[in-house]
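Dropping the structures in below, format is structure tokens.
Both complexes shown next keep chain A, but they swap its partner, so chain B is in the first and chain C is in the second.
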Partner chain A sequence: MSDKVIKKEELPNVLKILKETYEVFVPVKEKGFYRFKVLEDENKVDLNFTNTRLSPKSLLFPQSERMFEYSLDEADEDAYVIKEPPKDYAPTVVVGMRPCDAKALRLVDVNFVNPEFKDPWWARRLESLTLIGLGCKEPCSTCFCTSVNCGPFNEEGLDVLLFDLGKNYMARAITEKGAQLLKLAGVSEDATSDLNKQAEESKAKAEKQIISHVPTDKLKEKKAIDLFDASFWDEVAFACLNCGTCTFLCPTCWCFDIQDEVNKKKGDRIRNWDSCMFPLFTLHASGHNPRSEKVQRVRQRFMHKLKYYLDKYDNGVACVGCGRCVNYCPVNIDIREVFKLMNET
Partner chain B sequence: MPDNPYLPYPVRIQQIITETEDRNLKTFKLGFLNKDDEEQFKYIPGQFCELSMAGKGEIPIGIASSPTEKGFLLFTVNKTGVATKYLHNMDEGGIIGVRGPLGNWFPWKEMEGKNVLVIGGGFAFTTLRSSIVYMLHPENRNRFRDITLVYGARSPGLLLYRKELAEWEKRNDIHVHITVDATDDPDWPYNVGFVPAVTEQKIKTSENSYALVCGPPIMIKFTQPVLEKVGFEPERIIMSLEMRMKCGIGICGRCNIGDKYVCKDGPVFSLAQLNELPKEY
Partner chain C sequence: MRYTDKIREIAKKILADKTVDLIIGFKRGTLPMMTEPVTVRDAEKTDQLYWDSFCNMNLANYLPKREEKIGIVAKGCDSRNIAVHIVENQIKREQLYIIGVPCEGMVDRRKIISLLGDKEAKEVIESDGEIIVKGEGFEHALKRNDYLQDNCMRCMHRNPVIHDALVGDLVEERKEPDPYDDVKDIEEMGSGEKWEFFLDLIKDCTRCYACRNACPLCYCPTCFVDESDPQWVGKSIDPTDTMTFHVLRAFHCAGRCTDCGACEQACPVDIKVRSFTRKLNKDVLDLYGSEAGLSIEERPPLDTYRPDDYDAFIR
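Our next item is the complex of A and B:
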């Protein structure tokens, strides 16, 4: 399918058509920050954002999710039997996802869907989702996506990629799912070769604007145990408060906890996001804790992203260079510095 | 496993056996509510399950029964936290869930035709019980050569499966060395001494042998040099690890040691494998 054009004034109309078939998510500005929310008024959609503060991972992997339900009422025939409640997996479109966040979903997917086990909730949501990405024509100073197999116009994980070209968007269908969606939305006008050229220029310009780079070339060959025993971890962890902001915002952090919650005679089994920054994460019932020290937990986070993941899946590092953790860390711990320490010492 | 790997099979507690004199360890004999689930549940000694108590949560526990024992599963549970305390207070007939079998198993293929030395300490004897029952089964006994057991606890009343230990002791197809750290029983018929010391006394060769070692960290720490001294290679010293777990299927992210998840890539590791991993367990 050749690249298509959507005139900016036609975008509300396109969204309106999509709304008839899909649940549509768009970035919405709230209290100074953008986040993905269900589209209400297609005439008020604002795609002039850098990125959402929270990563969109919660669209597939909600911060809190009911897994099962059960009755604790002895009078019920199926008391104490744990059951899966029905769930809705309506077709959903996300409009305006940044390429780094889409790539992150691909990185996380190998965890949730692996050769032995398939996480049913993640897998079903991913199937129901169509992702319309928006290339970053103005990347910010903390972006370093081009160093980690990604980029401001990276296509991996997206179904459609939009190029913002002034009065028009150029829409590139990346998957069959994306092509079908464009067809359904009535986007049929082919992009002119001139528009195509503009898109390529915009992409090249954005890539050049990314001035932050991290080295990754030696991470693979280093031994995990040597990196684990490296002398720099105390320094990296020194200022850390173990607040968990980095894991909360990170598009590739997926750890979760499972808890039972009971109200009178009904109970739910729920999974909640968890964080390797918290000492409870690894605390045994006996009191033993393999990561009781702050430095062990900080090391775990970086080792997981930049070494264990790399070794386990041979899928690159578990970082897409979005820069969220750099921007929001209250004590300015900078993963770009840790890349350098791990790659070069 | 069912299509949803987080969904437990419902089981009924058929019997509860108090194992130790401090009443902190009980064995739960579980039967499947649905025949189909029972047929689907195929396990190998060394694996574990998540026991699932509605309203309380899940706990990872080694399977103490052997697949050669049909119609039930056994789990021996130490009373430690919220879920185990609740389970200890349940009655026979109660309904819980079982999710599994999870994790890997002892290297049964590699151990065929070999001598097997089993070393256990305290309540870390559950999957070792499974292994011994499995090996002693008439269908399997010929697959292995000499089987030797060294099993110890702090006192006689803290040994698990005492009736079975006494029966194994009488058999001639397994060498059994039972020991306690100390006892005031003048008629105690077995050994007195720590597991590493008794191992050193009784085990003189590593020829053609594998060692399965499960116990508290302090026991493992002092047993390891004893085994190395008689020539056990790190590839043939096999251990089973514990870790805080939730999902049990390598997804939730908490039980890793380096790039290995104890729940999925373990819980069974050889010493050679552990030597390659960070010491974070």
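Our next item is the complex of A and C:
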């Protein structure tokens, strides 16, 4: 399918059509920062955002997910039977996802859907999603996507990629799903070769504008045990508060905890985001904690992202260079510096 | 800023003459308007130490249970939290060499980021009461006093309350008549309105516990929210559990909080966490005439018992 054009003034109309078939999520600024929310008024959509504060992973992997429900009341026919509560898998479109966040979903997918396991909720939600990405024409100084197999206009994981070209968006269908969606929305005007050229220029300019680069070339050949025993971890970890900010904002952190919550005779089994920053994450029933010290937990976060994931899946590092942890770590522990330490020392 | 050289000079001296084993201070961050807490053990490496208006974390947080002799850089609130730690036996006064920083308030990075909207600050320079913020195609000269952290705008103890050295002349303390007028706005709400206010306040909470972990008061070996046997609080983002965390945490800080603002600075979703603690600070001041961390001699008001207490219910 050739690239299409959407005039900016036509965007509300396109969204209105999509709304009839899909649940549509757009970035919305609320309480000072952007987050993805269900589209209410298509005339008020604001795509002039840098990125959402939290990653959009919660659309597939909610912070708290009710997996099962059960009754402990013996008078109930279904007492002690664990049942899946009804879930919403309505066809959903996300408009304005940044390429780094779309790539992140691909990185996380290998954990949730692989030959050994298939997470049904993640998988079904991913199937129900169509992702309309928005290329980053103005990357931030903390973005380092181009160093980690991604880029400001990276297409991986997206169904459609939008190029913001002043008065128009150029829409590129990446997948058949994306092409179908554009067709449904009545986006049929082909982009002129001039617009196409503008898009390529915008992409080239943005890639050039990425000023943060991290080295990754030696991570693979390094021995995990040598990195594990490296001398720099104490220094990296000193300032760390062991808050979960980095892991909760991160688009590729997927760790969770499963809890049963019982109220009188009704129970829910809930899956909650967890964090390797928390001592409780690894506390054994015996009372032993293999990662009782802060430095062990900090090391785990970086080793998992930059070494274990790489070794296990041969799928690059588990980082897309979005810069969220760089910007929001309250004590400025900068993953870019850790890349350097792990790769170079 | 002007204090940096003096901090380095003092640190170098006390490391060289073995007064202390290490220094806890700040180093320059990798981004504009960011700093990173750091330890320095080598007198030759004190040039890492740094000071500007963005040294917003509370370094007292790094003290509990340390055994070494420590030189610590402390602004007014940090010094008060050091005092709280001493009173609560988390560290001994003799272990510390406090490098006091008379503080003119920390500048709130997020206020500046919010002002810039989708533009990015590439360079931030401080000069004489102004913050010059430069980026692609813009340059703003901001009055630093307009962009202070909320807590700093109301701070009444900017000078270190205990110190072994000072890096500059003491600054004038504020004399605003009422540092708690904002709390009164909440006090005046009806109970239903208050409930809505606090529910809305914590709506975005991710339960990451950054507020707790940035807080020097939160040094319990296991926080009540991390107890698993029995588990006291649910771990989901159910509003009841989230509220339980915030309210209990605030009460645990009653009479101990110095309003350093680290909790708000650490919150990844901009929750005004101090709305909880400030009411308690105000009550403790009103009821007991006490403010936390002003002395290393006095026990905190909620931590004392006297057989001759004037209130009958406690005798």
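Convention: the second predicted complex is superposed on the first by the 345 of 345 C-alpha atoms of A that agree within 3 Å, B and C clash if a C-alpha of one lies under 4 Å from a C-alpha of the other, contacts with A are read in each partner's own complex, and residues count from 1 in each chain.
We adopt the following convention: contacts are C-beta pairs under 8 Å (C-beta built on N, C-alpha and C of every residue); 3 or more make two chains touch, one makes a residue touch a chain.
Remember, predicted model here, so these are calculated numbers, not experimental data.
For the composite obtained by superposing both complexes on chain A, the positions of chain B and chain C are free of clash and fit together. In the superposition on chain A, contact is made by A:R336 with chain C only, not with chain B. In the superposed pair of complexes, A:E116 makes contact with chain B only, with no contact to chain C. Judged by the touch definition given at the top, the superposed model places A:Y328 against chain C, while chain B stays out of reach. Within the superposed three-chain model, A:C140 lies in touch with chain C and out of touch with chain B [touch as defined at top]. By the touch criterion defined above, A:F232 reaches neither chain B nor chain C.
In the superposition on chain A, contact is made by A:R291 with chain B only, not with chain C.
Once the two complexes are laid over each other on the shared chain, residue contacts for A:Q259 go to chain B and to chain C alike.
Geometry note, superposition on chain A: angle between chain B and chain C about the Cα centre of chain A is 90 degrees, to the nearest 10.
When the two structures are aligned on their common chain, the gap between the nearest CA atoms of chain B and chain C comes to 6 Å. In the superposition on chain A, the residues of chain A contacting both chain B and chain C are 257, 259, 283. The residues of chain A lying in touch with chain B in their complex are 67-68, 70, 72, 79-82, 84, 111-112, 114, 116-120, 224-225, 228-229, 254-260, 262, 267, 271, 274, 276, 281-286, 290-291, 296, 300, 303-304, 307-309, 311-312. Residues 1, 3-8, 10, 33, 52-59, 80-81, 84, 94-97, 242-244, 246-247, 249-259, 264, 276-278, 280-281 of chain B are the ones that touch chain A when the two sit in their complex. If you check the complex, the residues on chain C that touch chain A are 29-31, 34-39, 57, 61-62, 110, 114, 118, 120, 122, 203-204, 206-210, 212-214, 222, 226, 228, 234-238, 262, 265-266, 268-270.
By the touch criterion given at the top, residues 31-33, 48-50, 53-54, 63-64, 138, 140-142, 238-239, 241-245, 247-249, 257, 259, 261, 270, 272-273, 275, 278-280, 283, 326-328, 330-334, 336-337 of chain A touch chain C in their complex.
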